[in-house]
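First chain written, first letter: the chains are A, B, C and D, and each begins at residue 1.
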Amino acid sequence: MDKTIQTPAEAVAAIPDGATVMIGGFGGSGAPIELIHALIDHGAKHLTVVNNNAGNGHVGLAALIEQGQVDRLICSFPRSADPSVFVERYKAGKIALEIVPQGTLAERIRAGGAGIPAFYTPTAFGTEVAEGKPIAEFDGRSYVQERWLKADVALIKGELGDAHGNMTYRMAARNFNPLMATAATTTIAQVSQIVPLGGIDPEHVITPGIFVTHVVEVANAAQEEELNRSEAVYP
Amino acid sequence: MDKTIQTPAEAVAAIPDGATVMIGGFGGSGAPIELIHALIDHGAKHLTVVNNNAGNGHVGLAALIEQGQVDRLICSFPRSADPSVFVERYKAGKIALEIVPQGTLAERIRAGGAGIPAFYTPTAFGTEVAEGKPIAEFDGRSYVQERWLKADVALIKGELGDAHGNMTYRMAARNFNPLMATAATTTIAQVSQIVPLGGIDPEHVITPGIFVTHVVEVANAAQEEELNRSEAVYP
Amino acid sequence: MIDITDIKLSNAQIAWRAAQDIEDGAYVNLGIGFPEMVARFQPEGKQAIFHTENGVLDFGKAPAPGDEDWDLINAGKKAITLKPGTSFFHHADSFAMVRGGHLDLAVLGAYQVAQNGDLANWSTGKGDIPAVGGAMDLVQSAKRIAVLTDHVTKKGDPKLVATCTMPLTGVGCVTRVYSSLAVIDIENGHFVLREKVTGLSMDDLQSLTGAPLHTDGDVFDLTCPEELA
Amino acid sequence: MIDITDIKLSNAQIAWRAAQDIEDGAYVNLGIGFPEMVARFQPEGKQAIFHTENGVLDFGKAPAPGDEDWDLINAGKKAITLKPGTSFFHHADSFAMVRGGHLDLAVLGAYQVAQNGDLANWSTGKGDIPAVGGAMDLVQSAKRIAVLTDHVTKKGDPKLVATCTMPLTGVGCVTRVYSSLAVIDIENGHFVLREKVTGLSMDDLQSLTGAPLHTDGDVFDLTCPEELA
């Protein structure tokens, strides 16, 4: 078994129009820029994207939105230093938005990966975000029922990876990446380095290979924050 | 802030009669033998214990049960190489048993730690274990509603620990320990070694200190399997 | 009653047969006891990756006696070993793998399997102390559920039945049965016979089975290495 | 309307006052922006441990300009630093800390706080693009919820109100308000005044507050370091 794949382009080649795509990262940290850019080149359209944010500047997720490939976005915080791409399309009615509280977003993704179709959370009870959702009382407190979130594809970014798909992450770039790995039918990971099997201490594996479909090495991966500071635009 | 404490006896001294106590480990691996034995010496009674099993031989959890300190056990698998202590008390009607499927047990404990009062699982649907529990259908499949599980105290075993309560575990001795750490009001951890703050790489911390109340070093901790092979009895 | 003593497969042969169906790279959980034997018979070039409920993936075989590390065990509390690719995780993550449908196959034993795929394997219902472990989680969630079993009980009663009479482990979950006499799929509420041991007639096999055996195309000979008999 | 220009506290002073109440070893989440300032004013010998939603606990202050590592940021996407004791974890574990009630304190800003503890701080309700982030999780689950805020809006309207008119972030969640004029607890559906700035009468403070101010024992002077004004 060898899950490694040679290029981001090959890794994303099978993503169809209309797919639901989870994209890891919190702002720029942990964002799989090269995979997103490969998806732009690939050209799949009418995507539903799940991300914490809505892109920044004109690279990564913002560029994917700018190319008109995203019909719908599920996120917690569609703001950034430069959210103009999203804002423009949203105000023009060209992209639908589902706002999910950040912890609920994380837990819904985990639930999708863990086979939990629904759970209850205190978050958002009594707010307009909970409108229309089932409410139940446990031990005298009211909770909102939330549903799992799954995807056809997850695009994630890690630090080390091996041929079985075992992965580590780098500092706060971990964020949503390990969760999304569990919740997609096909999980595509870019890593800074592919190491031989056994090159990651079993105690230090964060994402066991069972959750990963393809691993592609992207040495010296771009950092969204740096790209935006240099006013990069993709493509 | 310094969460270290000098001896197992001091660590467990405040556990009251009637407490619900989660005890980490899967069989003997990861079982905090010295903390359990300290609890025996301490003498708290009428305990509800949450563990995957029901003890083996006459040490650890089996010894706690043998001393008559446990009124009720919540576990998935009350069998072992020598479950005679539990079996005898159970058949005599001296200990109540709640059987929970292993994955549901793990998830209920996680839910307790994560503030999720209830969740749905496919596990046990249509079986007598699900009798009396709410059933709901999602996307055409039936699921069982399960409730969170919390405890007054968790007794857990780790490998490295620091003064802020950050912890690692050793191989498969991890099992329920990190989950129980999150689900108890007071979490007491025995570790093989207390290291200086910063002695655990931030990437390798499995249990962040926020979940841990007290850390006590037990170098050369006993392994339940070895104790049983030498037919040890406690006290 | 037919005497099947000479034609029925040994446990090792049943485990061997089950092992032949496991694809390279499949993620597999083997139940405690008899199913664990499947790991011994993986065909050349087909390397399954084994999962154990207590938080280890991609582990190796049992260590030599005396080399055990009791912090490195499987769900049956037997010692295992590391290999390149092994990872550790906690119990909630372990059962996220299970419940989330990430395992390709779970292999379990059975007291009874019904024609609709219901499985009874955790309690005889006779007042024994209940002990379910991870079976109820596994059977509802792995992509395929294979059962290894004698075709009949020691008393000669069918273990493949119309309806389970013993307490259920899961409903409609079993996809294939490797018995001591046959390989049987469960499809649309029916037992569908795929293979049977040579020297056993269809009528005889049916007489040892508690519900109708259907066929769908050829029924092949169930042959296993003689040296495992 | 009373002119409070000369007596109201600066944001730094409000943050300083809030910081004085944080116990040694408390686990604290500071909201994006103004609340982050609290970290600067921790009293000697009282070391709080800071949590950020994106998966870091026990982190250090901002790095020097040019030393940023953009994989090491807080929820406001500002660069932070490691210190002995730092740990990393994923988003579900991070919000398990939040939702599970493991944080002692969350400090947030506010558009409005109602006397029953309702908080509105995520949407003006005027058609702006909604963006909630982690606030709704934090306010329902941390043990104490402190709000830092000007006592009145720029137009002079009370931000402490009888009932919130803006979309809620959470219901009955705020436990203490550190405003530019007062420290006010929320208890049993009432604003309970604990401290007020010197030079402001009770009547004047009440006139700037949208619901009755109760007292329960002494009302102390709210004094902060002058150099932060």
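Here, a contact is a pair of C-beta atoms (placed from the backbone, for glycine too) under 8 Å apart; a residue touches a chain by one contact, two chains touch by 3 or more.
Note that this is a predicted model, so its numbers are computed, not measured.
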>> Between B-D and B-C, which chain pair is linked by the larger number of C-beta contacts?
In response: B-C
> Taking each chain's centre as the mean of its CA atoms, how far is chain C from chain D in angstrom?
Replying inline: 57
>> Please tell me the distance, in whole Å, between the geometric centres of chain B and chain D computed from their C-alpha atoms.
In response: 37
> Per the centroid of Cα atoms for each chain, what is the distance between chain A and chain B, given in Å?
Replying inline: 34
> So how far apart, in whole Å, are chain B and chain C when each is placed at the average of its C-alpha atoms?
Replying inline: 30
>> I need the residues of chain D touching at least two other chains; which ones are they?
In response: 88-89, 92, 95, 98-99, 141
> Can you list the residues of chain B that touch 2 or more other chains?
Replying inline: 107, 110, 114-116, 121-122, 169-171, 202-203
> What kind of graph do the touching chains make: line, ring, star, complete, other?
Replying inline: other
> Of all possible chain pairs, which ones touch?
Replying inline: A-B, A-C, A-D, B-C, B-D
> Can you list the residues on chain B that touch chain C in the complex?
Replying inline: 26-30, 52, 76-81, 87, 90, 97, 99-107, 109-110, 121-129, 169-179, 206, 223-226
>> For a test of understanding, state which residues of chain A touch chain B in their complex under the given definition.
In response: 107, 111, 114-122, 136, 138-139, 141, 143, 147, 168-171, 202-204
> Can you list the residues on chain A that touch chain C in the complex?
Replying inline: 1, 110, 112-116, 162, 164, 166, 182-183, 196-198, 200, 202-203, 205, 208-211
> Across the complex, what residues on chain C touch chain A?
Replying inline: 24-25, 27, 47, 49, 51, 57-58, 82-89, 92-93, 95-103, 141
>> Under the definition above, what is the set of chain D residues touching chain A in their complex?
In response: 52-56, 69-73, 75, 77, 88-92, 94-95, 98-99, 118, 129-137, 140-141, 167-171
